[in-house]
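The data blocks that follow each hold one structure.
Next come two complexes, and both contain chain A; in the first it sits with chain B, in the second with chain C.
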Partner chain A sequence: MNNVPKLFLMSFPRKRESTVDARLPRPVLQTVQDGRGHDKDKPLSEFQLHLRDFNKNRPAVACVWVLGVLYAGALFADFIAPYSFKDEDRSYSYCPPSRIQLWHDGKISRPFIYGTKLTYNDLHARVYVTDQTQSYPIRFFYRAESYRWLGLIPFSRHLFGVDAPSRIYLFGADARGRDVFSRILYGAQVSLSIGLIGVAISFSLGLLIGGIAGYYGGWLDNILMRLCEMLMMVPGFYLLLALRAAVPDNFSSLQVYCAIVVILSFIAWASWARIIRGMCLSLREREYVLAAKTMGVSDFKIILVHLLPHTFSYTIFAVMLSIPGYILGESGLSLIGLGIQDPYASWGNMLTDAMSIVRIQFAPWILVPAFFIFITVLCFNIIGDTLRDCLDPMLIGLLPTKQNVKSSIVGKSAGDLTLDQKRSIKSTENPKS
Partner chain B sequence: MTPDLLRIEHLSVSLTDTPEKRIIDDVSFSVPPLSIVALVGGSGSGKTTMGLSILRLLSPALNIETGQIIFKGEDISQAGQQRMNELRGKEIGMVFQDPLQALNPVFTIGFQVGEVLKRHTFLNAEQIKKRTVDLLAQVGLDDPARAFRSYPHELSGGMRQRAMIAQAIAASPSLLIADEPTSSLDVTLQAKILELFKSLRDHFKLSVILITHDLGVVAHAADHVVVLDHGRVVESGKVQDVVHHPRHAYTQQLMKTLKV
Partner chain C sequence: MLLGITLLTFILMRVTPGNYLDTIRLDPQISQDTIERYQKLYQLDKPLLQQYFYWLKNVCRLEFGYSFHYNVPVVHIIGGRLFNTFILSLTAFLLTWLVALPLGIWAALNRNRWGDRIIQFFSYVFFSLPSFFITMILLFWASQAGVLPLGGMRSPNFEHMSFLDQGLDILKHLVIPALALSLGSIGYMQKIMRGNMLEVLGQQYILTARAKGLSETRVVYVHALRNAINPLITLLGYEFSALLSGAALTEIICSWPGLGSLMLTAVRAKDIYLVMASMLMGSVMFIIGNLLADIALAKADPRITYEQRS
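Right after this comes the complex of A and B.
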């Protein structure tokens, strides 16, 4: 310390000097050791380390919350929605969103809405005008149409509602006077669950077939992979349409839903299987696989225990990034009328109306489902991207974290660099890896 | 004279696509019970292939052409996969050179040792855990409970090798094949691991086939030596005879490298 020239010392204020990760190579070790150093007896597990990296990424955490809210909305749709998805009132066709009022006679009051009256303007178009003589207070835990929550628990309270004859439309009404807000919640049940179930099916199928093909190799691998290629040869959406055409018209909505899930999974498993197979081809040559064989472990268990878990650092984020594909696939099918049928709601079939530009101009709120699709897809993509960055072993500790950015006093720190730059630095620093 | 635990008779292993190219050529030797037999030879002499052909885990590019592998009176050279899976781990265990490669990095030591017990015994989860910790203690790990919940990368090289040995002897096999078990360790650890093999032999009543290129290891630990060169046995016998009075030129060369 004493040998350091004074000028040099001045440029390093004491407080900052103590942070080891002022220069780039350090943070790698430092962050990892930080986590492990907290409690010597109980080091942070790999999962906790990744979780910590993930938590540092604010947008991704926000996306998790947004998705959480959306999924909660879908789960409690019956309760939150003021009306059922098929509760229609033609006299409110394309009724604009209700404005929630808080001021009454210059005083603050409990939230209420004004009544609406349907008239025609000069061009003989239907317009709704607010009728300030009538006011309807918004009642919370309103007793209305009874339902069974998740098909099990009978209940008749809704989160909010207004007395008849008025109707509350938070996001406006569609052509048949159904509440867009309610239908978005019910539609979320379809659109959001299809992604999860679809990915679960195709992912398990891909893991199983890819694992078997990769582990055994030879003619079995050949047959399975040619099968995959045949599936991947056909452009996805046309295959989707062709398979949908094979499903009978008289299916009930639940059957159609299942059919769509199966079709979407059927299209997607092939690409999974190919990737997993490639990884298993290299993993099966590892010595611990040979070691497991010397212990008499069965082939199936070797695939399950010694091959597939090693693909997870890839598959976890790949799953996240592929969920939007299922959501968009379902929306696409429903949009052109081949998916979920009216009166059942899905974000896709709610947009059928919005295919006409005139209607969008007349009632822009019918585009709201598109906004929800957009948000959901965006969230899944951001989460997937962040997970990829967290799980990439080359990048552990190099992500732009608050800590790294703060400590960037001298020169460039990890926080200022692009991922490519970090990768190159990491590889020059540790040429073995 | 007790019958041999394992007898290899005129075993030949060749490349599947070019049968005239033999990796192991007419090898015969035997492993008496409670003995340590060393297979010695340079790189490419067929030592590891020998070990893997006893377990019948040769890669598809190699196959057993002729000969017999008689284990406890049963010829296993043509036995079915199912029979072999019963023997692997249960009767014949194997230890590898690099435990970091041979242990699965995503599972704890406890899980991987327990996996063998789960496969070959009828113990319940509680008993498996207890037995695993016992095993880890028996192979000389200082803190077996900690090793139980550690991942392979959290242990040192010597500890990993011990964990690997614990895994191989978990189902108390009667034959242990150790493929260069000490090559990745430093000299002091080598001696300790070899001592461990000796004590395990006495404690678990097993025989060890020690595959190595290091005659120093052989002199230290083995009872019998089989020297392999280009897939052929060039010399075999008691360790004193071979190490101290090597007759074959190849063995003499090997001895020379040791003295330097």
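Right after this comes the complex of A and C.
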């Protein structure tokens, strides 16, 4: 049982380990049973050590779970959502969230909702009145509109639904009477995946270019770094707008999606390249690189196998901290109508409606997507920060002070750091820039 | 550097299908002659690079071209817009620093107490809230409370006010966008300040200073603070650029007549010279911010020199 990462086995009432002094070096051995049933001490791998540190931090573990739920929601959106993202019913425009009832005539019944009726008040404003005479039980594994899960498996069951004349709106309806809950799930597919794909592209591009610039140095380094600086100099959002303008208007929504991912990655790779280049500059002076060179390992392999993995302990949390940037970038673009276009949902374009105060006033539920953005960003930030605490060599006790860690990254003592280097260290810590 | 940016923008704007001349060509009120005149004036019929160099030559003479969308030279629009964005960024920036620094110091001195926990919690929340969400919430709140104007920069009767009232009016309009911009960065800066302060307070020279019998105020504000603030000054330049980017969205939502909302209009209308100039101005502001940060850093930290070391 000891070997199973606790990440996936979060036991709730955990005892406090009061007997273990946190300042003492922590045990790095675990007892495992070998094939013949004897106990044997085996050193924990570095990964296991970090994982153990991570698991101790309960908020972070909780965040992993929350993100897991959100991503699962995005993956199974077709199944969980009672309606499709473009399933609209104008007669339910801005219908408030349906209240799920459990009591009927003073008795517990299966969950149901009352019907709603559209009326107009004296000011000719729409008012939805619950009609207590009609009740619609919520049916689970309801057979409704058929879909193809992940575009492959045809299926027509939805997790829940109600019978036809009524509609269930867990988070209310938007202007066209589309279910906000369903659209959030479909929007999650866009908004959540953009962070992952975007960071994957820009990070690998940054690794490659930073590695090459750092390893070779000289004029190549010079050219590449000037290019990076050029990109970093333009205020991000302006560049985003200008690049978006270069995308033709007649793109299909999938093409627009790809374009946005590419644009966001294009803006972000420069800062990655700079940081990784700084690290590689010092790493290439190490003896093992020289050893590899003398053994005739090709340059490309040295960069890929011997240099870049050493940057990971630093970059892994920086990756986590930068994902919110992509999510916010996409939602920002979609919010002002330059991102994912309307029939398709993204958390950003669902908020376009909320830009008018009047609508927030009578339909506050259209702000729900913003809440989801917030939760996602918060989770990524907390996980990133916790990872940093776990992976920081200073805290593990390998190196005495933080300044030493930083200077070992750039290969100089802290006082000698040039501005650029300090900045490249610092700039990763700012996911918003 | 700037050349590279402008070239990039120019090519971007040109590779997109359609330009503004196509739009006005559809307008029956504009004669064919005018269009041809424009075309000749800006050499729009020449190849791409030639157009670019022509534009560049004009910029050197501080002529930024002509906005086809607004029908006036770009300089006329962009000056005021630049100023507005500058006011907004500066206010947000000052607000951030004036609040975040004391908060960070206080949190570091009282670490792990309730006050610190609360501050850390809220800074996490505000840091993770998207700025446009904060803006929307603030606007909504203002609409309910009815004390602050919603969006825009001036009241309708702005022209008839005295000078003092005009200033007050702008200030009132400034509250929401500035607050929306700074809340997030306050949380972030506060966290960094706290971290730095804690790191410095653990150093041995602080112990020495305390052992010498210096007063706690002196230890904290003279010995620790000066060292803790250095990394923040390095961040200053980036903070400024982040503010500019963030300001664009806030400007659009609050309909603040700044550079960001201008950029959006220009991009939508494919108004090439306006986009170029906005981009250029944005970058220039960013460079100036960075330059100021570098100078400030050199002032604050005598270890840093800008001469080449051997």
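A few comments on the model shown:
By our rule, the second predicted complex is superposed on the first by the 356 of 433 C-alpha atoms of A that agree within 3 Å, B and C clash if a C-alpha of one lies under 4 Å from a C-alpha of the other, contacts with A are read in each partner's own complex, and residues count from 1 in each chain.
By definition in this document, a residue touches a chain if its C-beta (ideal position, glycine included) is under 8 Å from a C-beta of that chain, and two chains touch if they have at least 3 such contacts.
These numbers were taken from a predicted model, which means no experiment stands behind them.
Of the two partner chains placed by superposition, only chain B is touched by A:291; chain C is not. In the superposed model, A:133 makes contact with neither chain B nor chain C.
When both complexes are overlaid on chain A, the residue A:121 reaches neither chain B nor chain C. When the shared chain is aligned, chain C comes close enough to touch A:367, but chain B does not. In the superposition on chain A, A:305 makes contact with chain B only, not with chain C. Residue by residue along chain A, chain B and chain C are tallied for touches, and C comes out ahead. Overlap of the chain B and chain C contact sets on chain A: empty, with no shared residue.
Per the touch definition, chain A reaches chain C in the complex via residues 226-227, 229-230, 233-239, 241-248, 324, 328, 331-332, 335-336, 338, 351, 354-355, 357, 360-361, 367, 370, 373-374, 377-378, 381-382, 402, 415-416, 419, 422-423, 426-427, 429-430, 432-433.
Contacts from chain B toward chain A in the complex involve residues 55, 57, 60, 84-90, 92-94, 96, 98, 101-107, 115-116, 119-120, 154, 164, 167-168, 171, 177. If you check the complex, the residues on chain C that touch chain A are 1, 4-5, 8-9, 12-13, 15-17, 124-125, 127-130, 132-133, 136-137, 139-140, 143-144, 150, 184-185, 188, 192, 199, 231, 234-235, 237-239, 241-242, 244-246, 248-249, 252-253, 260, 263-264, 267-268, 270, 275, 278-279, 282-283, 285-287, 294, 297, 303-304, 309.
Of all residues in chain A, those touching chain B in their complex are 43, 218, 286-288, 290-298, 305-306, 309-310.
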